[in-house]
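Every chain is named by a letter (A, B, C, D, E and F) in the order it is written, and numbering of its residues begins at 1.
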Amino acid sequence: MRFCQSFMSELFRHIGADLDVPAGDIGVGGREVGFLFGQYKRLANQWNGVLTGKGLNFGGSLVRPEATGFGAVYFAQEMLSERGESLEGKTIAVSGFGNVAWGACIKGSQLGAKVVTISGPDGYVYDPDGIGTQEKWDYLTQMLVIEREKCETYVRKFPKAEFFAGRKPWERKVDIAMPCAIQNELSGEDAKLLVANGASSVIEVSNMGCAAEAWKLFIEKGVAFAPGKAANAGGVATSGLEMSQNSMRLAWSAEEVDRRLHEIMRNIHRSCFETAKRYGFPGNYVVGANIAGFKKVADAMVDQGLA
Amino acid sequence: MRFCQSFMSELFRHIGADLDVPAGDIGVGGREVGFLFGQYKRLANQWNGVLTGKGLNFGGSLVRPEATGFGAVYFAQEMLSERGESLEGKTIAVSGFGNVAWGACIKGSQLGAKVVTISGPDGYVYDPDGIGTQEKWDYLTQMLVIEREKCETYVRKFPKAEFFAGRKPWERKVDIAMPCAIQNELSGEDAKLLVANGASSVIEVSNMGCAAEAWKLFIEKGVAFAPGKAANAGGVATSGLEMSQNSMRLAWSAEEVDRRLHEIMRNIHRSCFETAKRYGFPGNYVVGANIAGFKKVADAMVDQGLA
Amino acid sequence: MRFCQSFMSELFRHIGADLDVPAGDIGVGGREVGFLFGQYKRLANQWNGVLTGKGLNFGGSLVRPEATGFGAVYFAQEMLSERGESLEGKTIAVSGFGNVAWGACIKGSQLGAKVVTISGPDGYVYDPDGIGTQEKWDYLTQMLVIEREKCETYVRKFPKAEFFAGRKPWERKVDIAMPCAIQNELSGEDAKLLVANGASSVIEVSNMGCAAEAWKLFIEKGVAFAPGKAANAGGVATSGLEMSQNSMRLAWSAEEVDRRLHEIMRNIHRSCFETAKRYGFPGNYVVGANIAGFKKVADAMVDQGLA
Amino acid sequence: MRFCQSFMSELFRHIGADLDVPAGDIGVGGREVGFLFGQYKRLANQWNGVLTGKGLNFGGSLVRPEATGFGAVYFAQEMLSERGESLEGKTIAVSGFGNVAWGACIKGSQLGAKVVTISGPDGYVYDPDGIGTQEKWDYLTQMLVIEREKCETYVRKFPKAEFFAGRKPWERKVDIAMPCAIQNELSGEDAKLLVANGASSVIEVSNMGCAAEAWKLFIEKGVAFAPGKAANAGGVATSGLEMSQNSMRLAWSAEEVDRRLHEIMRNIHRSCFETAKRYGFPGNYVVGANIAGFKKVADAMVDQGLA
Amino acid sequence: MRFCQSFMSELFRHIGADLDVPAGDIGVGGREVGFLFGQYKRLANQWNGVLTGKGLNFGGSLVRPEATGFGAVYFAQEMLSERGESLEGKTIAVSGFGNVAWGACIKGSQLGAKVVTISGPDGYVYDPDGIGTQEKWDYLTQMLVIEREKCETYVRKFPKAEFFAGRKPWERKVDIAMPCAIQNELSGEDAKLLVANGASSVIEVSNMGCAAEAWKLFIEKGVAFAPGKAANAGGVATSGLEMSQNSMRLAWSAEEVDRRLHEIMRNIHRSCFETAKRYGFPGNYVVGANIAGFKKVADAMVDQGLA
Amino acid sequence: MRFCQSFMSELFRHIGADLDVPAGDIGVGGREVGFLFGQYKRLANQWNGVLTGKGLNFGGSLVRPEATGFGAVYFAQEMLSERGESLEGKTIAVSGFGNVAWGACIKGSQLGAKVVTISGPDGYVYDPDGIGTQEKWDYLTQMLVIEREKCETYVRKFPKAEFFAGRKPWERKVDIAMPCAIQNELSGEDAKLLVANGASSVIEVSNMGCAAEAWKLFIEKGVAFAPGKAANAGGVATSGLEMSQNSMRLAWSAEEVDRRLHEIMRNIHRSCFETAKRYGFPGNYVVGANIAGFKKVADAMVDQGLA
């Protein structure tokens, strides 16, 4: 708390709701954002949306924790829809066991898919019944408080599931792979396994979760690949929705936030997809995301004049 | 006007749309808020939602005058609904003859109840036909300009109504009592009469309108009692909606404001009701409101760190 | 660019989202607003709605270019509806060939009318098939880049249309006339022609497009006349909607902006129409707009106190 | 007072001790500066040297009222010294009877000269004994309160003096003329009289007190002529010294202010004199003041870069 | 330190070098001022004279600790001089043993007087050789660190001095009494003793050090009495000089501060003395200080206009 | 100019007269400071001492260019005086030919020493008559404009002087050496030569002008050595005096600035000398400067509290 307050004692003059709006990240969760916000409010004498990831009691948004996972599944849905398919009946391998993985499991399940794996530093769990129920997550969350960083506990309660110590879920035969844990968690070797097992789509949800050899292989082999910079935008987008709610001095319902998140992800997918097509790389989301992102920033810079 | 301007000449540096937002109260009505707002604008060089209760021509909100009364009726509706009842066909005793009473009469009537009393410093009026029509209020408002603080004039125009000089409406047999005038207007004796006459609900709309003996008796005797801090929140809530409209630079229609007010009152009721239940006092709105309010503030303080 | 930046180096301290919000005008288009906005952002260290007419990439609103034309057609629709008529099947003469004329053609056509003329400094085009398709406008816009200020090129591509060099569209027999070019473009003589040809409505869209003799004649002869200060408010209104979107940190869809623009124009029409009636000049929109506008400003000034 | 306060309610955001520092002028004396300062302090919440000409109780400077007259005499002294002469024993004709004339009489007398005239709208007084004693001024000041704008009263008390109704002091034979009243008070005709009577120096103290024909004649005839823009700089200079005292939060003694004023006037004289010589117009203070002033401003502008 | 920082986290927005400048007082010494200043600097991002009593390393002034005592002796000197006397050869009884007493001893001694007493909560010391040497004070200061609040230790080192436990120095026969400890330390009884012993002057240095009966007796008996509000102004005056040094970004030498302090005290004495005479109470410093102080504030308020 | 303006467009919000005051340095001379100041003034709307090294026309200080050289000679004078000697009759070897060398030559000569060398990239000049006259410097300055970086031209005009191409002045037999050019210009070998030739003092004026072996040798051999961090403080000190003049809104005469500079250098010398003695290294200015500097900063930090 002291560190957050001292840090904000200098930072407060450099940020603002219309200037720069920091959000949490690794090591800066809701607790730290609360302390930072309290100190900002005290010093700047302003109560506004200067930080995102706030607690629900003082300006935070519903659906924020699960937003990245939800958004990634919406992106997957759009990709499938582009090929005339849907999530209905698909199997998904998810890695990780935190907020992102949670969001992917819940939303994937809502949209008719079955998430069959999650993973931790200790290995991965395979549950042929699917992991997308609130009951299963509540148990898991509770267990993780007691035995930190272990997902093996899952199989104690749900005996149909199996635990594979020290291994990664990419060895399972699934339709879709969604790495949701950390960078470089899906290697070139993993990619070969997925391709061999007939996976049709890979959604990179963790930041740079797939090694370069991996995503190049996917594109080469015709596996639809969504790069993280597009697919995991749901978290940042919901920070933006939190800012909107703060600006309007209103709190949206979970349904409203979810609906807007869905719309944003649809637009991001559209932008990547069509940019890729226009520039001669149809279906290549990596190229589409890079060009669309660069163009938007570059155009705005030129339009606003040189310094 | 001079006083408002001189007062604001110092106050303007201590308030702000993101800092502290004063509203009118006893003796500070729309006229004074207008003068204060004009001076704020002149000195702070800012046109925003720094005050609430503004005129409709410069940022005020529709439904603001009647908001407290509307909100209290919505709260009553939720209370009844919790017991499987509705306002349809119920009789209501209202005290007072100002904006708050007006709002209660109109909204109560819209939702199917019949408001049979209003009151002034001179006594109360009993109208067996109900007082919830715009025509009746327009007449009353007009009369009050001529003969200040007298509601007896009502019976001149509407002869079916009776006037009872120097007495209070709580002696009537009604289903619901809504004190809407001033603090301590409903004494322990009044409470005994209401209980004896079989009233099933009391909605405290004026701030601390019921003496301590009164509301303790209601709870003891199983009469549903809504404390003012919860039931009269509609006024403050609509000040919040005025701030939202200012922040969005939009003016909502009366229907939109009313709809949002309704939703807010529903949430307040839910929060009181469920908190009371969770802490072992089912149906006790006093306990529910106190705990829910305290918890919200205390949690936010702790989350934002110690000074 | 240097001029915009140097100008803003002084202006930035006198404007603000809650203070004064400049917009483009003749000679200050999207390009200049972009340069001004870039410099404001750099100096004020604020990213907000301090200017309107911004590019879509940095806070601009959809439907802004065509807003004035759309709004004028909505106003016309209300005028007709007041007389029990509609735009369905009506013929409209439009002057000009810029954003305003474009908006009028597109929206008029959407609502079932046929716009049969546009004009330029070189004369006017008469197209009996109507000019309200995107295809025709795209061609025209392209031509205007090559041969500036000439609308004669239109007839090269669409041979059913005729070009009348050096003349004005008001000589055609139409139901509705909409001057959309420059001030004083519709003289007393033009007005006589329109009256003689049986036009039932004139919507002044350009600022003071009709000479005083012209609009006085319309009122005298019972031709419904909408003054520019009311009918062309759609542009300013959409600047207001751009400010709202900036304040909410959201971008509305084109449908949403259009819907709100429609509602605003309906309210403006209502206010003019009813004010005229209340003050004893039924159907006289000139009187209605003047009184309603003056009253709104005067009331707000009085309410906010004398300086 | 209300006017000063309302005026400052807008002005306060455009001035500042480091930005722009207004001073009194015709119609804005110590009383008005006090009201303006009080309102500035109230609104800006700053107590500093934002205005000059303040009362001695809240930041004003000693010697300010008499500064212009003192400065002009110092300038005269330098001019004489340049020709190997001094004020000792010289006779001076002064016009006017306000602060400026007062300062010239007192300081001229201190330095050994004899001021033999003062004037008012009613004519001029000639006192062969000299007017440079505090006793004579005290009497005069007192009389002017009773019979406004009349200097004739002077001769009632001091019978050796004579009053010349409706005439100007320039008809007297004196060594030095110092117009201290209003613009254009010394005409071409007056100039001829002074030249004919052998005046050796003319110090223009009022702003543009000498008509163009007058000062041109002086230069032509070899009469040393000091233009007002240089000779009356003592008032503005002492406003600068007031700012210095405010910045240092100290009040200088009258001697200290007088000493610094003397030094400033010496430098101004030197700058005019040497600039005139360097540019080929030795002894021409008009040319010297113009070039020196222009050069100082132009150099600073170029050094600080183009906007 | 934490308390000072947290306090300043709110206070910093209400103070400023041109707004309000707090100084230390009882319980807030150099250490606390340092912590407050550090936090102000951190938050306000300003390095200026916002507090006085700072350490010498960051903007404090020399002579500040001893200023109150020095100033009181200067005041005494002026009082004597008014009666044609001087401090040369006078004996002085001082109470207290802190900074104020120290200053009085040192300066009294420098000006030729002999301070024969100091006192503590335990009693008083009488030293017929005088206490005005640095050596004696250094010893005392050192002892007070070891045995807090005891001045008895003095006699151990300087055996010619005597200690009188539980008594006050006012029983000694001296020319001048200077109470320098706490309020009400010199009672009516003490005053009678001093009068009986022929004291000619009493300088109240502690705030309200003399009971009302005491100072009334002095005035009645013709003993020259200087009230604290005038005589102890040296401390506040030196805070003002610290502000001047901060504003000038210079540090004056001890001699310079002492010289200015002397001049200020001379002016304060003159103002009290002459005001008393002008209003008909010659020699009554109590009346003089009250009227002169009130008049200065009242005049400035009136001159700056009503709020 | 454009670069300076663009740079200041961001910098202006991070600096201020009470916050951070940049000064020129290598590549940022009076011209650049002027452009930066002009842009600061334009954007911050403040005219104050936010930068030092300004032009004389807009807030710069006299004696600033020569201040470093002057200060170094004052330091030398104090060092000699400490040993009972003076500059009278001493010979000095100076390197460099810029402002610093110029100041050292002029001031050294004023105080009775004879500066016999200056140097450039091309070699050094030895003038047995001394180089401390304004006439010689004016010639040199003029030559340097024509033939940049060549000091050989000196001997053309003053034939008694000799030029030694490619060599350094430390080979001359002198009493005092003052490196005034660049870092590391005086090597260990040069130091041996100076020691061998009997130099008694070395004043490092350039920043780190002496290699570590050099100054260690001087201390070892008993040659008085002044480190640059103390001896060249005259430049920074005069920036401080420029800030003082800006704060007081006054310009000091050259004599006044020189006098204050002298006093500051005397205090710096005293502080180094006495600190060295107190900590057991008498005569070691390197140790004295390091400890005194560190202690001052560390004490102020501790006094102001931990962040």
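The rule is simple: a contact is a pair of C-beta atoms (placed from the backbone, for glycine too) under 8 Å apart; a residue touches a chain by one contact, two chains touch by 3 or more.
Bear in mind that the values here come from a model prediction, so they are computed numbers and not experimental data.
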Listed by label, which chains are in contact with chain C and with chain D? B, F
Taking each chain's centre as the mean of its CA atoms, which one is most distant from chain B? F
Over half of interface residue numbers shared between chain A and chain B means same, under half means different, so which is it? different
Any idea whether A-E or E-F has more C-beta pairs in contact? E-F
Where the centres are mean C-alpha positions, what is the separation of chain B from chain E, in Å? 60
Length of the line joining the C-alpha centres of chain D and chain E, rounded to whole Å: 45
Whole-Å separation of chain centres (CA-atom averages), chain B against chain D: 69
At what distance in angstrom does the C-alpha mean of chain D lie from that of chain A? 77
Do you know which chain F residues sit against two or more other chains? 9, 42, 45, 247-248, 307
Show me the residue ranges of chain D that touch chain F in the complex, using the header's touch definition. 16, 18-19, 240, 243-244, 247-248, 296, 299-300, 303-307
Which bits of chain C are touching chain A when the two form their complex? 1, 4-5, 17, 30-31, 34-35, 37-39, 41-42, 45-48, 55, 57-58, 247-250
With touch defined as at the start, can you tell me which chain B residues reach chain D in the complex? 9-10, 13, 42-43, 45
